[in-house]
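This structure is in structure tokens; I'll ask about it shortly.
So that you can tell them apart, the chains are marked A, B and C in the order they are listed, and the count of residues begins at 1 in each.
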Amino acid sequence: MNAESVSRRSMLLLALLLAAVIPWIVPNFYTFLLTKVLFLSLASASLILLAGYGGMLSLAQVAFYGVSGYIVAYLALRTGVSFLPTVILAILGATITGALFAFIAVRTSGLYFLMMTLALGQIAFFGAFQWARITGGYDGMVGIPAPVVFGQVMASGKAAYYFTLVPVLAGFYWLHRMVRSPFGVALQGIRDGDVRMAALGFNVKVHRFLAIVFSAMIAGAAGVLSTYFYGMMSPQLVSLGAAVTLLFISLLGGIARFEGALIGALVFVLLEDYASVFTARYNTIIGLFFILVVLFFPKGIAEIFRRKKRAVL
Amino acid sequence: MNVNLLMILLNGITYAGLLFMVASGFTLVFGLMRVVNLAHGIFYLLAAYLGLLIYRTTGSWWLCLIGSSLIVAACAFVIHSTLLRRVQGDDQRETLLTLGISFVVGDLLLAYFGGMPQRLRAPEMFSVPVSLGILTYPGFRLFVLGIAVFIGVFLWALLKFTQLGRIIRAGVDDRDMVAVLGIDIDWAFVAVFVLAGFITGLSGVIGGSYLVFAPGEDIHVLTYSLIVVIVGGLGSLSGVALGALVVGLIDSFSKTLVPAFTMFFLFGTLMLVLAFRPHGLRGREK
Amino acid sequence: MEPVLEISGVHVYRQGSHILKGVDLSLSGGSLALIGRNGMGKTTLISTIMGLLRSSEGSIRFMGQELIGKKPCLIARKGIGLVPQGKRVFRSLTVDEHLKLAFEPKRKHQADIYWNVERVYELFPRLKERIRQEGTRLSGGEQQMLAIGRALVTNPSLLLMDEPSEGLSPIMMETVIEACHRLTAAGISLLVVEQSLHFASSVSDRYAILMTGAIVQQGEFPDLLRDRQLLSAYMGISNTRVAR
């Protein structure tokens, strides 16, 4: 083990330690914001898996996020299903939705993929509006009780923080392992040149399909956390605005690597918090920042947008 | 034929007319410039709101129609020359920029006009129902269909018979090859983007007199445009016409029969079409 | 006399690999064949001259004017035409529309215009028979005629031809060779990238060999065809195939 990896390990350990004790150090309000950072970064990581490692920029992530959110809301409010089965069903729902979307979307790539995922995501959004009997329509569903884990109600700020922290860390760890597995390496190979990978005998469509499904699972998990955190679910969380927000978070931190998700989510949550104090038009401010990032800091997006040029020679 | 059924059918066809208008500009821009103009919906909504302002001051619907469309076309020009041009050649960044623009303009429209649904008043002459044998039908909807057909014929002729049309068609096939013939394709990009802005402006005012509009309508329009061009096949005008007809009819029938599931039906259509025709009904493999 | 095209020290990188490593080449009228095996950078050089690819270093001068950094359409307007590899006809345009698209008489002095739609049909009567056909419905040879015609109506003084013999039947090849002779006779300079030595030596007197990104040999064709060693070293072919 060389010195660099030792120092990386100790940095990681330090970060984990900090994450574990921070609610006891900072005021409750910041614990609240940090909890938000956690599940937003997991959602952003699901996009980074697709866009950064798979070369597929998706605007449908919020749909997966939403499906699991609605399942949690519905089961918690309208049925007596307990915590664990609720979570399993919610993530399963997101995964199945992901598989359905993937079935269509793997046939396309690049801008077509972006366009397809936008259409699919918005169908989910308007579907949430229309299917009011289940989803609560425009108003959504409110008053979702805090989850009960091992007999403990996860209601307080600190409890909610840890309730979010553990699955988010698990999610990041899984993603970290995934992109280093043979599957992950092949996925990155496909991002850099699908024709070449196909010629080498890799099934490009299956890899893309699985990447979308895994990413939907992660986004679904983030949706579960978000729904419990807010205690509500509404179509706004599935809207194009939400999709843009997620994209913005991922671009901010740099879409090429998972670490970017945490940085992006942190900056975004702080920005949103400050902007919403000064003005009701914080969407305009976020949008302007988004434009500025795309115009002047394409570094994050440069990686996935490395355009595939046909070898002329 | 059952009168109700005929009514639903006619509603579907006239709605398809509106969808065609909206989606034709979108597909032209995508076909030539490879830019998914995600600000397309906001152009529509902007035109509708501008129409509202112009109507309040002048009281003339026709002025709304022309004025709004010209202003939206001018906005398209400004957006192209200030923002898109800076990242030209990077299709994805161009696309993301249009997304950011749509986000900002949508929020500003909400701030200025509020969240209440609005509607433009079409001229009196169109409020007369037209008798079509066994049923009477709103005159304005037939007018919308007429305009859609007119725009379709106009665009077809433009593509078929003019030099700009040849440049657009050739550019859709192979941009570099057009450039090495000494043709300034950047100029064609601007022309197409502005033309698409103008047509979208027209459809915004017409659509805003046909249906109510409110903040968020932009996303509705954008989504329907996307579904139309994906079903019909990207970059092809006849594909847009066909896609608009399919989506218009499915929307009309499902909204009348099972209103809660329109989106599921559209999703199903998308799945079905793409399962058998991955490039859309009239699309061609690239 | 000033050379028509003067390339010096051109370097091009693509996706991290160094494709052209200091190409020097000069063409002063007539026809020059650029030969060499696949993957040596020939098409990259053509694309760089046309401005479709960027060179990181070097200079390309056409009639004394620097081309590097210019947009493709401006380079084309200076008087360079391209007959690209694979013909690249537009699939949604008919034969006639191809020629109308490329023919822009307003852009030039009246005196510089020789080639118009009618003259192309005179050169290739076959195209006239296919006037309403879409580009991709044509046979390979007809597509090649269309690609040449499309470049000609821009009235170039230099024509870059990239693998014009690719996929042509022997009869069609003779037709294209004859057309090339008529073009050089009309004063158009040709830079022909070719794999077929037969085609290359029929349209050009001089050759240049591009190998791994640089010009390694230049001279007259009769000398090359006699030099077995040179042929097998650079072209990787035996004498028997040359004889064909």
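Simple rule for what comes next: a residue touches a chain if its C-beta (ideal position, glycine included) is under 8 Å from a C-beta of that chain, and two chains touch if they have at least 3 such contacts.
What you see is a predicted model, and the numbers here were worked out from it, not measured in a lab.
If each chain is reduced to the average of its C-alpha atoms, the one that sits nearest the average of all protein C-alpha atoms is B. Across the two candidate interfaces, A-B and B-C, the one carrying more C-beta contacts is A-B. The chain with its Cα centre farthest from the Cα centre of chain A is C. In whole angstrom, the spacing between the mean C-alpha positions of chain A and chain C is 51. Our note on geometry: chain A versus chain B, Cα centroid distance of 31 Å, whole angstroms.
Between the Cα centres of chain B and chain C there is a gap of 43 Å. Across the complex, chain B is touched by residues 57, 100, 103-104, 107-108, 110-112, 114-116, 118-120, 122-127, 130-133, 239-241, 244, 247, 251, 280-281, 283-284, 286-288, 290-291, 294-295, 298, 301, 305, 307 of chain A.
Partner chain B is touched in their complex by these residues of chain C: 50, 52, 71-73, 75-77, 81-82, 84, 88, 90-93, 97-98, 100-102, 104, 107, 150-151, 154. Across the complex, chain C is touched by residues 163, 166-167, 169-170, 172-174, 176-185, 284 of chain B. Chain B meets chain A in the complex at residues 30, 34, 36, 38, 83, 86-87, 90-93, 95-97, 99-101, 103-104, 106-108, 111, 219-220, 222-223, 226-227, 230, 234, 259-264, 266-267, 270-271, 274-275, 278.
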